[in-house]
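Both complexes shown next keep chain A, but they swap its partner, so chain B is in the first and chain C is in the second.
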Partner chain A sequence: MSRLMRTSEIASLPVVTLAGDDVAQVKDLVFSADGGAVAGFTLAGRGLLAGPLKQGLAWPKVVGLGPDAVMVADEESLEPRDEVIAAAASTVEGVGSGGNVLGDRVLTDSGTDLGKVVDVVIDVGPGGAGQCDVVGYEIEASEALSPAGSKGGKGTRMLVPLPDTISVSKEHVMVPAAARDFVTQDLAGFGASVQQFRDQLRGPA
Partner chain B sequence: MLFSDLKGRKLVDTSSADTVGKVDGFLLDPATQSIAALEFKKTDGGDTVAWSVITAVGDDAVTIPGTNVLIEAEGRLAELASKRGVVLKKRVLTDAGDDLGEVRDVDLDPSTGSVRELVVGAKKTPTHVAGARILGVGEYAVVVRAAD
Partner chain C sequence: MQWWGWLIVAVVVIVVLAVAFVAIQARRRKGGVIVGKPGSGPGAGPGGRGAA
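Let's look at the complex of A and B:
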């Protein structure tokens, strides 16, 4: 079963072993360099006063990711944080900033500003199998976007589907102009929207 | 048999016919998905009886062959008896990261001690989790395999 989650829901989730012990909590997400997938997590200790940990968690070690916890096999699943970050950056050498897209403007390749990224939507594969795909961004809609579907005014939160690969810079996230036609407001129907959008981009088989 | 029904049942020594205690708790071993021992109160001496030496878990009493089987939990049993090993009222997480609620009760097989199911979540809408799905019991949660 795959499910869509906002990454803001993941920060501060406990990291729990299958033996039932909470060994850390999520501090931040590490995205692959192309921004197309979650590569892992940086971690903090449990509890209010605990600081960041020197350990991180690479996505392949995640057994399950749900609304209430990140599950790992055992404490051995944690790796040095720098290695997790380095591994993420090396997936596509030197492309984009990868990391933080929050606050970036979403720009179509035809030059329309759709809005500002406020959250990232990921598709969590079943039981950590496969990759944790970034499938969309939640944006605060720009004026340009609002009249199109007349779904809401400026500042409305909208979900923009993403193609398999995207270009990310410190300022902008580039999406195909067609993404605009698949914007939704509701996470429930967003999965289908992403699928249709990607199918259309791939063209008739 | 639900543990909530078993709790408070008297412990009888078959050699003397005396009541020597009352059921107070259980130690669940996640590795075997069964009850490793029962804990008693109002006993003289030890308060724990390994499941394997219990004569019977009956409808009205739990019977043992003699008070010498009442021991203090040691080794593996002591681990299970610690706060980490407690199951009741602990949150249940699936290996997919879903919180199912707290363990309310445990249904056990009185002849073998194996856990038939955990009763989890709200009283009116409990979730029944088969004992065979238990993966671990730790500081933070009881971890179970996600439903298929």
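Let's look at the complex of A and C:
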């Protein structure tokens, strides 16, 4: 069974080999704008004095992703960081930005600012392996998202589902206006919201 | 200034530099969520979705 996780739960997780060696910790999550597939992680060293590493971890090399560690077979699973980032490159012209989406504003295609991205929600495959996709953003809601106060006020954290293809510029991430109807505050029910939203976008079969 | 005055200054400078270094490294370790670059190719590197 797949499960939803916030990327903030993954940041700083140790990367541990099956032999039990603690080889790095997660720094950034890297994903593709085409379908939101997670390509892998950039890494930082362990310890107070360590900085970012020149190595990254491609998602196919991840044996398991749990609440306490990212498991890999061995230290050979790490590869150059630039290759991990390149693996997330979009096949579609103009899609993707190569930048960090945290702090970006979420705009609908009808021009409404829904809020600021504070976290990203991923769908991790069964057993913490298999396919892993970005399926939503957690945002600090703008006033426009809840004019009647029905879903919380300005600054409330809310979850916005994403379509299969994600549009990201340097400062904004774009979502269809229909995403507004599927916003939730509860991660437990968010998976169903994402599914309904994507079904609506695909239209009747 | 007495020799111990210089010693105190040196210790303070070392402590400040050490704290600054640790703070900078902590900032560099801070995570984010990076989206791939636009239109650069199908799962370019090894381990991409296009990879076997």
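One rule holds in what follows: the second predicted complex is superposed on the first by the 189 of 205 C-alpha atoms of A that agree within 3 Å, B and C clash if a C-alpha of one lies under 4 Å from a C-alpha of the other, contacts with A are read in each partner's own complex, and residues count from 1 in each chain.
Here, a contact is a pair of C-beta atoms (placed from the backbone, for glycine too) under 8 Å apart; a residue touches a chain by one contact, two chains touch by 3 or more.
In this text the structure is predicted, and so the values were computed from the model without any measurement.
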>> Between chain B and chain C, whom does A:Val118 touch in the aligned arrangement: first, second, both, or neither?
In response: neither
>> Contacts for A:Leu4 in the overlay, against chain B (first) and chain C (second): which applies, first, second, both or neither?
In response: neither
> Now for A:Leu187: first (chain B), second (chain C), both, or neither, which partner does it touch?
Replying inline: neither
> So, does A:Leu102 touch the first partner chain B, the second partner chain C, both, or neither?
Replying inline: second
>> According to the stated criteria, A:Ala144 is in contact with first (chain B), second (chain C), both, or neither; which is it?
In response: neither
> In the superposed arrangement, which partner chain does A:Ala50 touch: chain B (first), chain C (second), both, or neither?
Replying inline: second
> Is A:Asp22 in contact with chain B, with chain C, with both, or with neither (first, second, both, neither)?
Replying inline: first
>> For the three-chain arrangement built by superposition, which of chain B and chain C touches the greater number of chain A residues?
In response: C
> Does the superposition put A:Ser32 against chain B (first), chain C (second), both, or neither?
Replying inline: second
> In their shared complex, at which residues does chain B touch chain A?
Replying inline: 30, 84, 93-99, 135-143, 146
>> If we count contacts the way the header does, which residues on chain A are in touch with chain B in the complex?
In response: 1, 13-14, 16-22, 63-71, 127
> Mind pulling up the chain C residues that touch chain A in the complex?
Replying inline: 21-22, 25-26, 28-49, 51
> What residues of chain A sit close enough to touch chain C in their complex?
Replying inline: 7, 10-12, 25-35, 37, 39-40, 42, 44-45, 48-52, 58-61, 79, 82-102, 120, 134, 166, 168
